[in-house]
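Going in written order, the chains are labelled A, B, C, D, E and F, and every chain counts its residues from 1.
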Amino acid sequence: MQSNLVLQNLLSAPVLFFFLGILGVLLGSDLELPTPLPKLFSLYLLLAIGFKGGMELAQSGLGSQVLLTIGAAVAMSLLVPLSSFLMLRTRLDTYNAAATAAAYGSISAVTFITAQSFLNVLAVEFDGFMVAALALMESPAIVVGVLLARLTAPRDEGEGETLQWREVLQEAFLNGSIFLLVGSLVIGFVVASFSPAGLEKMDPFTEKLFYGALCFFLLDMGIVAAQRLKDLRQAGSFLIAFAILAPLLHAAAGLAIARVLGLPQGDALLFMVLCASASYIAVPAAMRMTVPQANPSFYISSALGVTFPFNVVVGIPLYMLLVQRLIPSAP
Amino acid sequence: MNRIDLFLSEREVARVCRAIRESGAPGYSVMRHVTGMGVGGAIDEAMDFSGLGANAHVIVFCEPELLPKLRSLVGPLMRRYGGVGFVSQAEPF
Amino acid sequence: MQSNLVLQNLLSAPVLFFFLGILGVLLGSDLELPTPLPKLFSLYLLLAIGFKGGMELAQSGLGSQVLLTIGAAVAMSLLVPLSSFLMLRTRLDTYNAAATAAAYGSISAVTFITAQSFLNVLAVEFDGFMVAALALMESPAIVVGVLLARLTAPRDEGEGETLQWREVLQEAFLNGSIFLLVGSLVIGFVVASFSPAGLEKMDPFTEKLFYGALCFFLLDMGIVAAQRLKDLRQAGSFLIAFAILAPLLHAAAGLAIARVLGLPQGDALLFMVLCASASYIAVPAAMRMTVPQANPSFYISSALGVTFPFNVVVGIPLYMLLVQRLIPSAP
Amino acid sequence: MQSNLVLQNLLSAPVLFFFLGILGVLLGSDLELPTPLPKLFSLYLLLAIGFKGGMELAQSGLGSQVLLTIGAAVAMSLLVPLSSFLMLRTRLDTYNAAATAAAYGSISAVTFITAQSFLNVLAVEFDGFMVAALALMESPAIVVGVLLARLTAPRDEGEGETLQWREVLQEAFLNGSIFLLVGSLVIGFVVASFSPAGLEKMDPFTEKLFYGALCFFLLDMGIVAAQRLKDLRQAGSFLIAFAILAPLLHAAAGLAIARVLGLPQGDALLFMVLCASASYIAVPAAMRMTVPQANPSFYISSALGVTFPFNVVVGIPLYMLLVQRLIPSAP
Amino acid sequence: MNRIDLFLSEREVARVCRAIRESGAPGYSVMRHVTGMGVGGAIDEAMDFSGLGANAHVIVFCEPELLPKLRSLVGPLMRRYGGVGFVSQAEPF
Amino acid sequence: MNRIDLFLSEREVARVCRAIRESGAPGYSVMRHVTGMGVGGAIDEAMDFSGLGANAHVIVFCEPELLPKLRSLVGPLMRRYGGVGFVSQAEPF
């Protein structure tokens, strides 16, 4: 059964295309998705997942279970950066520790989507409102990351720079990918509530096409992740270890919370994946502007080069195994 | 007149262009999608999908009198966010 | 009923994504569709709408009603620039007046498509041959615009430049977007007539995907339109007023013609939208080359920054209201 | 019947869009698919055709007929460059002859796909394993081309350069498009064998969308092919004659082999098309690096400007005619 | 030798290149997707989907003797459609 | 200091950048998607889908002492694969 889960994940089309991308880089192929095609797929996935999530949120309604789950997710996106910062600060300077902590408090939408696909293949159900949790976990982590950097930075370096809240909030809440995800969620909600005829017309675009587009994007993510591996030498073994232990730790915390909240199996897996994944889209873009002292190759290569492949390949089936053991299946 | 070539991250290009306009320069040109290497390491386009972008190449042709103002407005941005700049001589075509 | 129509338009997915794009710019989000992705969607929509139009044209045939309607549409694309020029000339120089007049004589394919989606949601039928009218209204408006600029320009400015007909006709008839639209129309017609087996195979691409792609493109159009609003200050209040009054006036004229022609409700709305909309794709590209003395930010910001959002948000449901009042519904 | 076949090809949507692209260039339209959109469609088509081929290969299995056919295809990709080189060497220098020979030994995936669409319209069946033949014909032709250039080049020009096998093999086997095609084939095979649930989810992307995307890409190929025609004057009439005679000759050889192998009609046509088509994707990119002395406009303009349109417009129906005459139809 | 840098609208770039070829210059390079600001206001890529395009940056390295011819062929196009040009000194690498 | 402008095929750009790094230059910038014309004929982007690419424009600012090393490392590549290079004068901004 266990090896079955791992195999079912490894032999699925999205994960195989991810491997193909990695393999291409390792062998020295010149296969690449030229700019801005990866952005097209990234925007498409955010739009589609947001729209579908909003649609399902409208159908499920905003009950107390929903609000509790979302609240717990937001709480995790505030706490994880704090605990991560403490760990990272033992070896990294305050700027790199804060920026990396923000990445791990935030989420990876692609990891989440891959987990959804995995659940689909297993025919395990999950709720649409988990996308709302996804959407609301990015901004808090960014704000906490910036605060950590500013509050713990040596006085003299500030050069009289005051914390520019406007800039920080803009990066945290209006970052293009966050804005599109939240916006599409709201639109999906509105359309499902007020003009449901539109849902069916969106279906071929947001639903039917989704799996193939995910494969295509994961091909590119495999290429990019493998390229990042080269930077890892620079980042050092401490960061590599962190990039593998952090998702395990955060997934365990997520599992505990999911059990307390009484989430069904599918939602529990997604909750774990949200906790365990690290951002390499919104957070790097935000940190580059708000904590320019940090070295982007540190937080990008750990989040994208290690944690992302780890979650997609090993993490998701592993977390599912734990879910099957520790979360009662729906009656 | 002078030709100024700036290389900096795409994410900062809007601020730098604002500074150039403030300096009173008669114009400027921006090329994005520039990759390269400098003291900050290698920059490529692979993270473009994340909004991080690559470098931009900003060119300003202006009279030499404008240089000090340009330096005082653009310099701090480049010290904060990274990037390099060079000056050379040119004439109108 | 009235407010219902307006709401049904406002709460549809395409219009909501349009708003999302506008909102992103107003709030300062860095959300954008990088070049050339907007072009991909624009080419796709032209190809798909042309193909579907040609296909339906083949099914409906070229009866006298069809030819009359198309003839009336072409006549409008010749007359509207003339009347617009007279109005605009009161405040603008001859070049800017001519270029702007050409934009208003021509059409906006995206507005037309949005109106079709609106009719779909209302379950009101319309004819495929209206796409032929759309396709044939661009070139005449461009030619009239160039003629107006050349014939009314002060003598001494010409510097002996003679009207280069070759260049003008090329911009008017071979502009990439016009050429693709007309070409796809012809191909749709030919395929439907001679190898109908191909229609079904095109359907997932041209039909199923269409609604979602329209949403995606309108997201970008919202961004671009909102950016244009900044240029409006430069254009001045006269041009803003024109950009709102002109569509109302031209829609009214279109309504009268539709009634005289005895068009059914759906076609009447589309006819009004053709008259009321202004071009920001083919015409600016053509005017930039043939009337370089005009300031592109004038005609682009009025057509794209004002008239386009006005039509998409307020115009279409308003025109539909008038159609429901004044055009007898099919028995 | 004959003219029927030709017409059915000429009046199909893909071929009509190909013509539209050619027409645009001839008339001077500025219609173009900006970079990197053609690459998006090219990568998509390779991924989709590879995946579908692998899937069908898994269903048909690797029987002796399959292995024999693939072996014959690979043999052709080794022999055709040799015979072509002998012909081309009569007029071209050794570098240009070798590079062009490699192009004709290799294949054109788009021609193959167009032939598949043609068979679909005719409702003639074909086997998925033909894609494996397609995928395996590129690399050998490249290796032979490089060897020909190196072995026949004048001694003194080598400047002590030794044949860099690493570079040649990388270009031959790890060229992005070859790698994606082979990789997708393997993934399709694995998914079909081990997690067939994923096949249905890929279907809208790889199967439903395919025909429309092919039309879009052929529009661009028409534009590019027509632009290449201008270079032909430089290439001269010998190369033009070769670019038309070579496909006929190679198709005839392919037909003979197909008959000997006892291939059914659909597979026989595809086999002929593989032999008759010339590469303008993988081979030019590889030759540019491994035989830089050759002039790319020679091999690109003959393969893309002449042979490709010839095969798509005239060749495919012509070969089908021969197939219908000489290959017994399945009982 | 001279280096000439021209900045002009993408829509005109084909004509300008034709003029450069006519002038007998040994070569030129074109970078598209250039944004910027000049007397004609700010130019961005937002209207690219309409075929309007942004600016292009054209570079020509040539002998000084060619300058007058280049000016006489390229100048009128730039006066009609807009754009700026600059000349500086360079040597072969 | 010196400014070096190289124009060469995108396919070779990785090798040339490796050579520049080997030469010890403090940095470089690369612009891809460059079209143009030279002794090797016209280069456009139409074949980009095939992986053939257009030209790249590589810019290196470095001290004059580095020129000979750069020439010896980059020169052979450009002789083999084509491309042109130019040198001019510049100062840090």
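Keep in mind that, in the parts below, a contact is a pair of C-beta atoms (placed from the backbone, for glycine too) under 8 Å apart; a residue touches a chain by one contact, two chains touch by 3 or more.
What you see is a predicted model; the values in this text were computed from it and never measured.
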Co-neighbours of chain F and chain C - touch as defined: D, E
Touch-network distance, chain C to chain D, counted in steps: 1
Cα-centroid distance, chain C relative to chain E, in whole angstrom: 33
Computed distance of Cα centres, chain D from chain A, in Å: 41
Chain centre separation in whole Å, for chain F relative to chain E (CA means): 20
Shared interface positions of chain E, touching two or more other chains: 31, 33, 51, 88-89
For chain A, residues that touch 2 or more chains besides their own: 30, 34-36, 39-40, 175-177, 204, 208-209, 285
Touch-based graph of the chains, sorted into line, ring, star, complete or other: other
Interchain pairs in contact, sorted by label: A-B, A-C, A-D, B-E, B-F, C-D, C-E, D-F, E-F
Chain C-touching residues of chain A, taken from the complex the two chains share: 35-36, 39-40, 43-44, 47, 51, 170, 174-177, 179-180, 183-184, 187, 190-191, 194-195, 197-198, 201-202, 204-206, 208-209, 285
Contact footprint of chain B on chain F as seen in their complex: 1, 3, 17, 21, 26-33, 59, 61, 88-93
Residues on chain A engaged by chain B in the complex (per definition of touch): 35-36, 38-39, 41-42, 175-177, 220, 223-224, 227, 280-282, 284-285, 288-289, 292, 296-297, 300
Of chain B, residues touching chain A in the complex: 9, 11-12, 33, 41, 44-52, 80-82
Contact footprint of chain F on chain B as seen in their complex: 4-7, 31, 33-39, 55, 57, 71, 74, 84-89
